[in-house]
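Across the two complexes that follow, chain A remains constant while its partner is chain B and subsequently chain C.
And then the complex of A and B:
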């Protein structure tokens, strides 16, 4: 490669990739620096681990970490677990399969905030679900379902929003498995379950990992579902970070932000690895 | 039981689930948006007692809805255009030139999708304060949107550039076409669907984007998502929230359907993945 060509390629990459790297790089750099006391907006800027040591000792921080991981991991698992059977079912086109695909993909088109509103509207104290259960006679009086302490609402919303995305990735992967392979497995006497764990699972694992990781990162950093439908006594990491920033405590916000990035990164790696190990274990 | 029967049963049960999943929530939202304030919709009534468009008119006249619509619908096309223009050279390099590290460059382009939006939003704001541009909010949001949604633009345009056929370019060159004429006859026809798809997807992403608009823009700039967020939180009035939800969701569903049509031939995973 000549120097001229090298310069040309760098020149071409600068406005696109260059700006992306500059923006994301600066954002991460500022977050890390602020978590160690630099770039102070309302005090002296000097190196200090005080913000980290103070934050680590806080109960609210520990609870936020546990809660965000709980939401992230379960949302990823539920979405993928629901999407797998649907993707296999829709592998071959049949009458109505396009319609089903479209309906299942519909949540992709609905904004998260709108989804949260629709859901809260349905489960509210005098909402249609409460009325229906009373009408059936199962519940004698309306129940308080909104902002439930176990965050089932948030998990339902995350799964509703993310399952179509997992389905999209998995459908592509499942459809690329040729009939010959599955027929061969059938000829060798493999039942449905065996065909899944020995043929489909290993051949679709990279799409499954991709879906898991992307959903996990989105859900672990959730803000809007948590604020609108989540438990009021717990805070997600994003929510905690926003509340620190709102109080002008940029350094604490940075500590939470950097922790969130590390958790998203490490968590994704662990999830991807665990998914692979489980699938490998099954292949034996 | 045959496979067909099984499929039929599965189909019916699934449609039932979807009715619960989609039709009921949206019907409730439409009904709530039509509740007339003269008589409240209490739990003992199946349908709202008085139906009117009062809430829609009221929201239009007495809330920041108008300015939010203007903000969102100026921001989104500008972000789409800027994102497309910035993505073009990189996509050309990734799609048509061989160079070491090309795969790595493709991976790095996806970076904005991996960093959580609220982290980008908060520390981008911090950056704006550091460099003294904190009053430059509309420009900052536009800039951030154009860059954060560039991964979509680069992915789609790279595939489009790959699809331009070398023999068309060569033929145009043999016939003595200038740079611009070659671009027009050989590149443009192959790039067109990609250009439309890029504009549309960045437009939709920008209309829906919440974190940047909320953190960077507050309190001066109101977009539709930030207005809806406020309507769901500090000033929660259910019929108003219903009106806003419908205003946010309906145009986007139509745009998404157009996008799906545009991308039908292309890989569907390129066009999805919003949160």
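And then the complex of A and C:
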């Protein structure tokens, strides 16, 4: 490749890829630098590993990492697990399938904060769910469902919000499998589960991985659902980062931010790899 | 005991009747072809036999067992698809192994079956390849091999040669028949290609508008079609309306048509005076006497010459080994009474 040609390619790529790299690069650079003591907003800017060593020693940091991974992994798994049967069900058009598909994708249009408030209204002490259970006679008195310690509310909200995205990706992938291939599997003795395990899953693995990774990255960095509906005794990494920043401790917030980025990167790679191993159909 | 017994089978899709009162039986090791034009119901019938569709009425028995409502995964059949339907993410070996693995066949038995099938179908060198690395003919062989490793009671073919070029089609056609005989399989084969059906089958089921027109050997279908549709669909045929004038002698009848008079051999007296008369273009013997016809078109076909001729402005076809007839010539021909077929007028 000549120099001129190389410059031409770089010139053509710069407006798109260059802008993306510049924005991501700046954010990553600032966050990493701040986590090591640079770009101090209220003190001396110099290299220091103090913020990392202090943070690693904090129990709240470890608990936040565990909690964020818990939310990220389970949200990704639940969303994909729910989206698969729906994608298979909607694979072939039938009367009303477009309407059902549209309704299922509606959560994509609802902002997370709005969804969280609506959900809290439903499960609050005097909310619709408590009243309904009492009306049915199943519960004699209202129960405290809000801010549950296991973060079931957050998981429900994350799944509700992310499942349509997984559905969007998986529907296209499932629809691209020909009827004959599925019929052939059936003809060779594969029941519903085996058709999924040995044909559908391996052939849609790329879409499934993409859905899992994107959902994991979003859910591991959850802030809005956690703040409104999450447990009060645990903090997500985003929540922890915001709380440090609120106290003016930008360096510690940067440490949490960089950790979040690393966890998102490593976690999604592990998740994608595990999904590939399990779903490839090689495990007999 | 018959291998497949189909009794009064019907299939409706809403108001549309795809199959109506179809009854067929297939003997063990027999190669039966379902033949008919597009939309005649042959693929519907195959899907009913394989279990992908449930009939509206009727019964399907395989090996004496009623399987009418048994799903395909539990039937002792294996289907070779028109599109091959190989699993694109699995190697040839894994494709061959798919069925036996589902049936929980032991690994040693699986290996033996794959070795046997891959050797017989010349697939040994392709076992580690993915389907997209194979040619159309090889993919077809894998599809056949995948069905064979199931060791089914009945093997079903859904127009398996339609995606192959003419030369390969001839090769695979011979190969399918060889394998079917070698394994002693009962086979049902769907095609709309009459040449394919005639060359491969022990018996042919001719379907039209969801009904069985005739079930017979290829020879009988060709030389003794029972209906106008079968006569017209299988090979070339000249069909004319005619009137039975009377008996010439015992079993020999005189029939008058728009192009001339024909003598017809028929053991039974025609049911009606009005009949349809049919003869094959190659049955015409060009001579110095007989029916006069003007040659309007001539096409040399190698081992014969195809003539489109006219008598009393009625066009029809004559095939001859002679090459001297030219367009505009008047020829004379006759047809042996044994080669003229009487069809009922209403068929």
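Note that in this section the second predicted complex is superposed on the first by the 269 of 284 C-alpha atoms of A that agree within 3 Å, B and C clash if a C-alpha of one lies under 4 Å from a C-alpha of the other, contacts with A are read in each partner's own complex, and residues count from 1 in each chain.
By our rule, a residue touches a chain if its C-beta (ideal position, glycine included) is under 8 Å from a C-beta of that chain, and two chains touch if they have at least 3 such contacts.
In this text the structure is predicted, and so the values were computed from the model without any measurement.
Visitor: Could you check whether chain B and chain C clash or fit when both are placed on chain A?
Guide: Superposition check on chain A shows chain B and chain C fit without a clash.
Visitor: Could you look at A:4 and tell me whether it touches chain B, chain C, both or neither (first, second, both, neither)?
Guide: In the superposition, A:4 touches no partner, neither chain B nor chain C.
Visitor: Which partner, chain B or chain C, is in contact with more residues of chain A?
Guide: Greater contact footprint in residues on chain A: B.
Visitor: Quick one: is A:183 in contact with chain B, with chain C, with both, or with neither? Answer first, second, both or neither.
Guide: second
Visitor: What angle, in steps of 10 degrees, lies at chain A between chain B and chain C when each chain is taken as its C-alpha centre?
Guide: Placing chain A at the corner, the angle measures out to 90 degrees.
Visitor: Which partner does A:238 reach: the first (chain B), the second (chain C), both, or neither?
Guide: After superposition on chain A, A:238 lies in contact with chain B alone.
Visitor: Report for A:191: first if it touches chain B alone, second if chain C alone, otherwise both or neither.
Guide: A:191 sits against chain C, while chain B stays out of touch.
Visitor: Going by the contact rule set out at the top, does A:59 touch chain B (first), chain C (second), both, or neither?
Guide: Touch partners of A:59: none, neither chain B nor chain C.
Visitor: Looking at the overlay, what does A:250 touch: chain B (first), chain C (second), both, or neither?
Guide: In the superposition, A:250 touches chain B alone.
Visitor: Quote the smallest CA-to-CA distance from chain B to chain C in the superposed model, rounded to whole Å.
Guide: Minimum C-alpha separation, chain B to chain C, in the superposed model is 9 Å.
Visitor: Which residues of chain A touch chain C once you look at their complex with the stated criterion?
Guide: Residues in contact with chain C: 178, 180-181, 183-191, 194, 198-199, 202-203, 281, 284.
Visitor: List the residues on chain C that touch chain A in their complex, please.
Guide: Counting only chain C, the residues touching chain A are 50, 52, 71-74, 77-79, 81-83, 85-90, 98-99, 101-103, 146, 150.
Visitor: Within their complex, state which residues of chain A touch chain B.
Guide: Listed in rising order, the residues are 1, 5-6, 9, 11-17, 19-21, 23-24, 26-28, 30-31, 34, 39, 41, 89, 94-96, 100, 103-104, 106-114, 116-122, 126-128, 131, 142, 160-161, 165, 168-169, 172, 214, 217-218, 220-221, 223-224, 227-228, 238, 241-242, 245, 250, 253-254, 257, 260-261, 264.
Visitor: If you look only at chain B, which of its residues touch chain A in the complex?
Guide: Per the stated touch rule, the residues are 4, 7, 10-11, 14-15, 18, 21-22, 24-26, 28-29, 32, 42-43, 85-93, 97, 99-100, 105, 108-109, 111-120, 122-127, 129-130, 144, 147-148, 150-151, 154, 208, 210-211, 215, 225, 228-229, 232-233, 238, 241-242, 245, 248-249, 252-253, 256, 267-269, 272-275.
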